[in-house]
Every structure is written in C-alpha cells, then in structure tokens.
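Below is one structure; the comments refer to it alone.
Chain naming follows the written order as A, B, C and D, and within any one chain the residues start at number 1.
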Amino acid sequence: MRHLILHINCPDQRGIIAQFTSILYDHGANVLNLEQHVEPDEKLFFMRIHANLSSLTISEDALKEILQALVNKMDAQIHFYFPENKLKVAIFVTRESAPLYDLLIKHQSGELPCEIPCIISNHENLKEIAGQFNIPFHYLSITPETKAQQEKEIRELLEKEKIDLLVLARYMQILSSEFVEDYRGRIINIHHGFLPAFKGNNPYRKAWERGVKMIGATAHYVTADLDEGPIIEQDVVSVNHQHSVKEMVQAGRDIERRVLTSAVKAHLEHRIILDGRRTIIFHS
Amino acid sequence: MRHLILHINCPDQRGIIAQFTSILYDHGANVLNLEQHVEPDEKLFFMRIHANLSSLTISEDALKEILQALVNKMDAQIHFYFPENKLKVAIFVTRESAPLYDLLIKHQSGELPCEIPCIISNHENLKEIAGQFNIPFHYLSITPETKAQQEKEIRELLEKEKIDLLVLARYMQILSSEFVEDYRGRIINIHHGFLPAFKGNNPYRKAWERGVKMIGATAHYVTADLDEGPIIEQDVVSVNHQHSVKEMVQAGRDIERRVLTSAVKAHLEHRIILDGRRTIIFHS
Amino acid sequence: MRHLILHINCPDQRGIIAQFTSILYDHGANVLNLEQHVEPDEKLFFMRIHANLSSLTISEDALKEILQALVNKMDAQIHFYFPENKLKVAIFVTRESAPLYDLLIKHQSGELPCEIPCIISNHENLKEIAGQFNIPFHYLSITPETKAQQEKEIRELLEKEKIDLLVLARYMQILSSEFVEDYRGRIINIHHGFLPAFKGNNPYRKAWERGVKMIGATAHYVTADLDEGPIIEQDVVSVNHQHSVKEMVQAGRDIERRVLTSAVKAHLEHRIILDGRRTIIFHS
Amino acid sequence: MRHLILHINCPDQRGIIAQFTSILYDHGANVLNLEQHVEPDEKLFFMRIHANLSSLTISEDALKEILQALVNKMDAQIHFYFPENKLKVAIFVTRESAPLYDLLIKHQSGELPCEIPCIISNHENLKEIAGQFNIPFHYLSITPETKAQQEKEIRELLEKEKIDLLVLARYMQILSSEFVEDYRGRIINIHHGFLPAFKGNNPYRKAWERGVKMIGATAHYVTADLDEGPIIEQDVVSVNHQHSVKEMVQAGRDIERRVLTSAVKAHLEHRIILDGRRTIIFHS
C-alpha cells in the first residue's frame, strides 16, 4: 500500500473539498481520511487528506501536476507527504533524562514513526542512555566563546544526517535567531511551564512562589522569540501547598514527557498545519 | 442564511466524499464543515456535512432528490436536518435539581439550541424551578398500579407537544421496553456512575464500598437494557478516603450536569451518529 | 453538638501538636480532625483543628484563655471559628450569570454553609435571578464620577448587613486599594484565565490569539495588585483550533463557576490559611 | 537524621492524638508530619506520624515500649517504619515494557526509595531492559504442569532476596491463592482497565466494544479475588470513536505506568494504610 498525505491551505472559497476529492477519485486515489478547518477571522481554509494510492490510474507525478493546477487556480499552497518515508529526527538534550527516555522508548515500541540518527548534547551525562538504545551520541560542549562554532558543527551534523525535525528535549541552550529561522517549523521544544505563564528559566520555582494550584508543560515550535512559538500541546497537573519545588519538578516530569512525545508524534504523522502563530492539530 | 446538516452512512467505498460534495458544489450549496469516519471492523462509512444553502441554484426538494439518487446507488442512508428548526425537548426529573438547573440555565443563555415545552416529573418538588424559568411542569405520579396509565399520559403529552428528544435528568423511573423502543435514539439519560461499572441503583454507595479513587457520570441513549445503551459522554472526578458517600454525591453532581448538558448539546446540534452500540460524536 | 475550628500558625518548634491537643483533651474537647503543614523555606507551622465541644469540662472562655496562654508562649497566632455561626456573604456581579447561579443553587441545596443577605451589581440585568432565589438585589450604578460614592454606599451596605465575605462573581469593576486593604483576606474573585497568564481584560481573546491548547480559571483573594492575590483554586479545560473565542467563553464558564464555588466553600468551612502570597487549603 | 514513621489504627476514642504526640514530645521525638482519618461508618481511627528521632532522650527500644503500652490500653495496632531501611522490591513482568521502564527510570533518578534486587518474568523478551539497568533478570517459564513448581522457585527467590514488596507490572499470570494470602498487602498489581469495570482479560477490547469515552488503569493490592483487591490509585484518559483498540492500548500505556509507579511510591513511603477493602492514602 502506497499512501499520500496532503496539506492544503488557501483563502476560503466554494468547492474546495469537491474539487480536490474529485481529482483524487477520478484517478483512482482512495480518500481514507479528510479533515478541514476554516479560520473564522481571516477566512482561511486548511485541509488534510490521507489517501491510498494503490489503485492510482495515472503516475504520481501526473497526479501531482493535476493537483498543482488546481492549487494555482485557488491561490492555495499544497504539501505532499509520503508516510513510508519516515522523518529523521535529532534529539537535543542537556541533563534531564525523562523526556529523552520517553522518546526512545516510544520509538523502540514503534509508536513514533521516525528514524533517530543522532542525539546531541552540551553535556555528557546522558551518553549512557543513548548507548542503551544504540543511538549515536554527539557531545558538543558550549562556552560563550564556542557557541557559534558549536552551532556550525550542529548544522553540519544535521545536514550530513539529513535531519527533518529537531526535538529539544530539555536542551538548556538558546539557539541563534539565524539557526531558528533556517529551521522554521522544524524545531519542537518542551517548556516546563504552562505558557504563556512562566516563560524563561526556573518555571517551577516561579510557580511555587506564585502559589499556583496547577503546573504545566507546553510543547511548541521554536521561533526567534523565546517561548513565544506556536503551541502544539499543553497539559497540567494539580499541586497544592504540600508540594515543594522539588516535588513540583517531579510531578511536572510526567507531564513534560507526555506532552513532548505527543507533539512529536503529531508532527511525524503530518497532522499539524501552522496558521500563523497558532497550530491546527488534526486527529488522524 | 439557510443551513443544512446531512448525516450519511453506508458501506465504505470509493468516492463517497467526492460525489456528495460535488453535488452540493454543482448546485450552489457551500460546504462549511465536513467530518467523516470509517469504522474499521465492519468497514462502515459515516459523514456529517454542514452546508450553507443561501446561494442554492435549485430548489431544496430538487437537491434532496439528487442526493437521494446517489444515496440509493451507494446503499447509503441519509438524514436531513435544518438547524433553524429547533428540536423540542421534554425534560424528565424526579428529586435531583442540579442537572435540571443546568439545562435550563444553558437554554436561557442560548447555548442549547432547542425549545423546552415541558418538564415532566413523578414528584412535585422541582415544580418551583420550572416556574422560575416559566416552563410548564407536569406532575404525573406513579404507583405500581398507575405506571401503565402514567406512560400513556406521557405519550399523549409528547405527541401533543411534538417532542423530538426526551432528556432523563435523574428521572428515577424505568420506562417500559415498548416506550423505549418507540423513542429509540431519542432518549438521553444521565447515569451517576462510570458505566459499565456501577449500573443500577446507588452507584455512589457502591463506589464508596469498592473504595474507588475516581467517580464518574455517563450520558447515554436509553435502550431496553438498563444502563446498556450507547454512551455519548463520560467524565470523572478524583475522590479519596476522606470522601463520605454524601461528599461523593456532591462531587458527582458537577460532573453529572456537565456531562448531561454536553451530550444534549451534541444531539441538538446533530453531531451524533449511532454506530450500533457505539456513538460517533463529531466536533462541529 | 457545639463545634470549634482553630487556626494556629507560628514559627516551627517542637511539641506544638502535643501541647495544643493535650489542652483540648484535658478539658473534654474532642479532636475530630487535625491537619498541619510546615512551610519549608521559612519554617512556619500551620495547623487547623476541628473539635467537638459537647463534653467540655470548663467554659469556652476558660478554654480560650488557656489556649491563649500557650499561643503567647509559642509566639503563635490563633483564630477561633464556630461553624454554627454561618458567615454572611455578599455576591458582586455585573452581566455574567453562570457563577451567580452556581453560588445560589449550591446555597439553596445546603452545600454552601452561609447566609447571602445581598447581591450587589453595577448593572440591572441579573436582578431577575436574584428574585428567583428571593435575595435582595442592590443596583449601584457606576460612572467615573460616582465611583467613590458608589464604594461608600457599598461599605454602608456591607456594614449594615455585617458581611464577612465578598465574592466577586465576574464583577467587572476594580475596587479601590483602600477598600481592598480594609477587606484583606475577605474578598474572593474569579478570574477567567489561568493566572499568572492572561491577567486583566479579555483573557479568552488573548488565549485564542496565543493559540493555547487549554484555558483556565483562577479563584483568588483580592489584593491591591490586580490579579496578583493569593490563589485558592484553579482548573483548566482543553481547547483546540476549532474553538472560536465565543466557544472558549462557553467552555470556560463551567470551569469558572466550579472553581469559584469551590473556593468560596473552602473559605466558608474555614479550610484556608494564608501564608503570605500562598494559600494552604486543608481538606476537611 | 534518624526518622521514624508510625502507623496507628484503633477504635475511635478521645485523646488519641494528644496521648501519642505527648509521648513523642516528652522523649525528644520531633513530629514532622501527622495525618489522621476517621472512618465514619465503623468509627475506626487511622494515623500516620512522621517523626525525627535525632534528639531522642531515651533509646529507640524504650520509646517503642512506652508507645506499645499506650497501644495496648487503646486496643490499637501500631507499625514502626524506618525510612532509611529501604524496602526491597521484586518486579514481575511478561511482555509489556512500559510500566517496567517507568519503574526503573524513576528508581534510577532517585524518585522511588527502594532497592530492586530482581526482575522476574515468564518470558524472556524484557531481559535486555533489565540489562540496561543492571538488574538481575530471572526467567521462570510456566506451563500448566510447571505452575506450582515455578511458584515455589519464586518463593525461594523472594526469600533469598528478602523481598518486601512484589510489583506486578503487567505480569500476565495468576498467582495461587496461598501465595497471594502469604503476601497479603505486599503485592501491587496494575490492571489496564478502570476497575470495577472491565475485569479480567482484554479490557481495552471490551472498552472499545462498549463504546466508552474514557479508558483507565487501576493499581491495587492483590487478593485471592481477581481484580477485587483494595484500590490504591486510578486514572483515566479520554478516547473517542476514532480510537481503534490498538490506539486505546497506546493511550492507556501512559496511564498504566503513571498509576503503577505512583502507587508503588506511596507504598514505599509508607503512606498507605489498609482499611478492609479500602485504602487510606496519606499525602506525605
């Protein structure tokens, strides 16, 4: 079975679904799933179609060409994804092991459809975990002086490994604006706080001092503005006066890993479409 | 603006979306929202389409006829709903006021798109609440001897008021199998337990005795099998050893009303399709 | 049965529980429930004791005197509450009806142990709801010119009715710093956002624009700093790209009312002790 | 610092807290935390005291003797736990890796205060994970003929390693009634369903067929009645019509591991007291 996932977005107008699905139907592509959404303020239309190409009556290139003609007519944008081409993911870590473990375990069990050619860290202490799962670990230390150089080495590594997605699994370094811009929509970070509250460092300490009754975690795409990128997923857990900062950290760990892994899974399954600063997360 | 909601279900086959949306597009009906689902075991296809008919180029009857021809070809079933025709709801209660209040408040604020021509009860003690919201209250007492007679009076009332949906908001009487069968898919009940656990009477007492750490509520369509009908919505709340049965009842009340109102809302907005013993709940 | 609830707080030291409970035991007061907490940073001790005085062998005044002597020795503070003296609550509203309804319904059903001698509003549109529950409604309009005068009238009303607790149930006016200071620890507000995110106006619009995946509500004591007072309770509900601002408002309503009523209940049952900017919420 | 945790339970009566805490205070034991609970139906009193013995003015044995005298007078039961003596845990597994990983990761990070001298399985496929964490893995295969023999080997192993707690982390074998009886209150199981619903095999398949909107997991002490032992912790996650059985299994995994690890943690920290078929879970 050969599968295709389409992402289409355009100004809202009549007949979008009918016209796209008719092309697929006319040429033997079977729609397995279709989800769409209209953003009400700016009247933008977004659609994800999952089709089976096994009985396609024309070549894939010919299908693409016909779809592209409609796209042009509709002032739309289209992206083609073939699920059998698994994305390649680089995981960035520092000292916290929980989100890394979760990604590797879910990858091992087949829940995350991707390849993980490398783990990159500015510290050495998670090297052993990478070894447990037989994944190459790249230790690239950083000092204020070597930061630019380290980023250059990261770029070389990502290019060599043909990385599609960068996952910052509690990576405690800030990437340069140029770097972030070049990988726009392809870097997912987990923030250990309920954004937009508690941006920046030490969110659990800040949460404790503010006396909140819930703590959270937020997975988002990274942009040049720290902790301001489009949110993919969030979750919270209740805390009370008995929780010390350390206990909040422990309670938060389960949320962080779950939220990050879930966001990465949505990206790998091509279920996310960016709508400016917001994300559209389709279900399947 | 004239709106139409379609429910279509049929054996899964190629081109369903393309063919239905093309008919709508060709005749000026604008699809505002489309959701579909394929049940994987029996390969059944379900779809809900919300269309705007303001620019329809043929009559509504003509559109229906064309759609019906396709339905026949595809061995499908179709239902037409016009949201401007608000459903008529009868609320059944006994002594518990919380779910009744919630339905009436949400109706008053415009969140529940329906008319409520009557409240029916086998006790008199919620009469005053009906009065607060200016809704006729029908007290129909029940004894083992009068049960059949009372059900007959209920039927007459429902027919007179042209009731579309019966909501059992903690109505503590069991309706006869014949009655339930005649209103199949049109009676929603709230059970104050997390089905399929704790069926029948006193679910909170049973939950306390079993020492569960969460209690729940379940909104479901009523069938002749007690508490076995298709589930629409469920929710839970955490409890602990400090909760007495009475405190569980209090904690459960907020869940019961929220779950019931939400299930009723989904029905009124024509977002539910029955799939045997399961429900498909579309989002909008 | 005559009941007493004690709140005791002091610098942490040895033997606090033993000495206080021994006094109660020695004079026939039966401890029904005891909860304590030590704040770890500043080593402060907090305790709530619920005792039954039915078999007290000395007068209540004598007991108080003996306890006061220990309090002085320990550099502590003590508060005495008698649950049979129900607190008097004034509810402040503007246009939003959901939190008001919830307070009145829970009060009517006996879940909120208080009296509600008045509802105060700067608009007239919730007057009818007050009437449904037979509670005097005071309409005190506000213009920039009359704000000081209106606050004076509020004070007179609160004093006349001997109000113990002010509940701001979506009251859309900011009280003066002097007023807030005079009622410190006795004004509870519901904020329709997950503090400390989305302070101030239009939190749902801000949440929509930021693209958050959960929206929340926060009940807190009011201080002169807007939305910065000690948090009592918070909760959230999941939202997604399909939620318009209006749908977020609807989804948030259920959370707001639940969080506010629960916070008010905790205050009325004397289960809250303030610890600077944080709250200690005991369970029973 | 030398710490002591006391569990005391007895018929409810006056002065329990005062008398026990006075003994501790009089002999230099500093109460760090005290929690109590009265079961309202049978009037049973339960208390957990966490004390620091660093400044004890008598020997520990002398303290125990004095406490024991009071225990006898009050018709009570007392248990003494010294947190520095970490419990020894045996983990039982079959094929499912997620709960095992979670226990080992949390143990490695110091969140689970215990030793894990062995992992026992009736299959070999999780052997490698045990190796990753350097924990001896015992493969004891089972056939209907060897079941009794295998249980004998398990007993020998548990005795040799002086095991205090058995954790069944998706161990798909039923232990004999004699075995379970001998380890009463010392075997924790994770059931991948929301008990008391969906007992026995294939709870996710049953949940799918019933069309529930939430699936859950339950950690409980094992008794001779399958899935009927005292519940320690439960949690749920929402599902909908789009979830296949396989996706329910995946969604449930995160809940299972979290619930099991949390229940084990509560046991290891001596925060659980059994009250017949119910559990009392103290907070700290």
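Brief remarks follow.
Following the convention adopted for this analysis, contacts are C-beta pairs under 8 Å (C-beta built on N, C-alpha and C of every residue); 3 or more make two chains touch, one makes a residue touch a chain.
Not measured: the values here are computed from a predicted model.
Under the contact definition, subunit A and subunit D share the contacting chains B, C.
Any chain touching subunit B that also touches subunit C appears here: A, D. The chain pair with the larger count of C-beta pairs in contact, out of A-C and A-B, is A-C. Spacing of subunit A relative to subunit B, judged by their CA centroids, is 37 angstrom.
Centroid to centroid, with C-alpha atoms defining each point, subunit A and subunit C lie 42 Å apart. Multi-chain contact residues of subunit B (touching two or more other chains) are listed as 242. Residues 14-15, 17-19, 21-22, 24-26, 30-36, 38 of subunit C are the ones that touch subunit D when the two sit in their complex.
Subunit C makes touch with subunit B in their complex at residues 97-98, 101, 105, 109, 111, 132, 242, 250, 254, 258, 283-284. For subunit D in complex with subunit B, the touching residues are 37, 39-40, 194-198, 209-214, 216, 230-236, 240-242, 244, 275, 277-281.
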